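Single-structure report; data block below.
Naming follows writing order (A, B, C and D), and every chain is counted from residue 1.
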């Protein structure tokens, strides 16, 4: 295609957007609305994922060590543990620390433990965090086979539960996201279809004047792409603004709910603009197809 | 240039618009197609133009058998024919100028060429001063003349005009017919479907008369009435 | 019945369609409005019909000053006038029968009345056999006749026809004009904007001629040409 | 309005729906898609609310009783507690039970507690559940003022945190729901607007023939209502079917995530159908307004 011709198509597309004022606004609005919904859900899903991962990473394995190990041996065990696949974090807890913590947990009944300091029955231990609940079982097994480790404990039941719950939350969230993505594509293409339908006579006339399919298609393609881009930009603007505001409000009011930082979504914004452009341009091109058959 | 071989056209709803129509129009001919309302004139034009397909028979236009014309060749075929549609078929979102220019853009004429040629043909049909108007801002006769301007702007081999003077006063109508005749004298084949009996009778050109889908007359230097 | 007082119409784009037009059409008159393409005939009809508002001056039709007509009274005013539009304005999603019936449904005629009257007027315009067709399945002349059928079906006080024979062959055109004349003889005021010089010349009715928005002739028993 | 005329309007509306095939499908599709999204989010929001309430109801207050109370006195205290506003549940925990539980908690270190059975230092207590975290503070105060109650304990920090988190989850969910409701209305009215726009000439012509505004409006009103109803029904069908399936899958695979039973949504389905009908009918009626001005 000559550059001149391409410039002509772009000009035609822009002109058509202005002359079909309401239709253009309607299409842009549909793209913006659909992507807004989709974007909301992407933000929600990713945050759920994030929070769920955070919860998952709390799962702890305790490796009790044999009594009477040298410091060197203890350090070696620690180094060995950290090299296991799926281990996120390893913290050493000495006998003394363990007793302290135990006292803490007992709170007002801690006088029960008075006198144990001298003959501390609690062993040294390593507290290990796994990357995901799925890793816990494997890590526990590996750790238990290390020489010097007396016993490995973890809340198997809790881990299993957590694993199931978080997996299902993810599945459900992804399921909804897939539905919303489909619905978004449907809404956009639905709107484009009717705006093109309303202009079907125009397309027919162009064909009758001897325009080739591509000659008619290009301006529609570009128009659809531009409308998709503009609509997506509006959606992105609202989403980013809204999310920024939400983060700010949450930050000033509570700092407990930690959401994903906004910069995490920059990439997604790019994909969304791309999606808008693709759905818009393909939507137009596909919609005009049947009116070209004259 | 245009040959019809036993062409029949039955619309989906069962209306028989053309019955076993055959004729031959040579290059450079000037032909009037006449006949009462609903006789099948527009249908015949639609067939020539490949807007509709014949139910039976076939047409050969400009050396092409239309029944065998490939879909992707249709636009190129249509560019050889300039059509003035009975219902104008102007693009509502384009100005008068742009409507005419569009026919040239389709054949990828240069911008310079377009800006030279379009005002020329608009002048010919007397609409240069309305070139910035949209079709919805035009009178019936003005729309008709824009349609004509668009049909002739690419110097097609064949011009087909369906009732090109129906919305025009006699003077303007004659201007248009004279214009068509002039174009015809330069070698273009011209087919005009019309009800303007005075014009047909005065012009003394070939007349093909249809009635209820049948060719009832095909006469060199004919008149509007079947009887004369 | 229809009086225009110094009516001017300038469209938003600056086109002066009517300049200082005054006339008086009495009840029972039969008037031709003639003039070249773009003279302002359709504009005048749009003003009478209150589709457009005059820029200056005012019209009094059927005893109502149109400039003072309340918005909610406009439909009832329009029902007194049957209009054949130059561009037909048929409802594309309704069949021929339904298009004509719609005009009666609007005035809440009974179903029985509708089923009695509609076939009658379709018969009058010669389209009874096409009553189930949609406008897109009609020829130009057929559409025009549907528009006429719709205009006359409610026995309006005034019938205004804008180029009602532009797409009709002379015979059908004469049938239509005769029909209008017959309706006129029963007391209906008829205004016909037309380019059909033969018809105007033969009918010898009152002729109002426009040119570039000005009334250049207003003659009882006139002809089409300004000079005669 | 005469019944005959009304019947005519309904007939016109239905006829128009069939003759404007694609436009009708597009409108119905837009209603269905928009309400599907909204419905998804209503389901999600209500379930979040439900789960959050469930979590909230876990918050526990422990009221330690004075030593050496008669059984009667203990029962009286229990009765008094249950009558406090905001109390959901009261459970008595005897000294012995408390020690047992303590042993449980200590797990492998429970040998530390051997011998305490005879001289159990732990008091009797009541465990109280409040209806909401907001009630906890108030309930704790009330309980502490009861004669025979030695001390009242609850995880103030945890309660406060939970309270803030659940409140914010609710606010965010409702915020999104409001956004989606707006977007749904926008999408539907947007689509209706273009389908009506595509028929503007028709509306004009009707006016030119002498139809009153209401005569034109009624069929559009009914058509919009029917399309809204049909679209809403489709959305409801998909939502109910999908939710039913989700419940079934969750029930067979995990029983931990407890979602709201489906019958809870029957009312909402009704409101949704109503919303569809209202948006459809009003959307049409408002959209044709400007084309009536001829």
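Here is the rule we use: a contact is a pair of C-beta atoms (placed from the backbone, for glycine too) under 8 Å apart; a residue touches a chain by one contact, two chains touch by 3 or more.
None of these values were measured; they are calculated from a predicted model.
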item: Co-neighbours of chain C and chain A - touch as defined; value: B, D
item: Contact-graph distance - origin chain B, target chain D; value: 2
item: Farthest-lying chain, centroid of Cα atoms versus that of chain A; value: C
item: Chain centre separation in whole Å, for chain D relative to chain C (CA means); value: 62
item: Distance from the mean Cα position of chain D to that of chain A, given in whole angstrom; value: 24
item: Centroid distance [mean C-alpha coordinates] between chain C and chain B, Å; value: 28
item: Pairwise touch network: line, ring, star, complete, or other; value: ring
item: Chains that touch, pairwise; value: A-B, A-D, B-C, C-D
item: In the complex, chain C residues that touch chain B; value: 11, 13, 15, 34-39, 41-42, 86-87, 132-133, 137, 139-142, 144-145, 162-163, 166-173, 195, 197-198, 224
item: Chain D-facing residues of chain C, complex; value: 49, 51, 72, 74-76, 78-79, 83, 85, 89-93, 102-103, 105-108, 111, 150
item: Residue numbers on chain D that touch chain A, as the complex places them; value: 22-23, 26, 29-30, 33-34, 36-37, 40, 44, 102, 105, 108-109, 111-113, 116, 121-122, 161, 164-165, 168-169, 172, 176, 179-180, 183, 186-187, 190-191, 193-195, 197-198, 246, 250, 253-254, 256-257
item: Touching residues (chain side chain D, partner chain C) in the complex; value: 4-5, 8, 16, 19-20, 201-202, 205-213, 215, 294
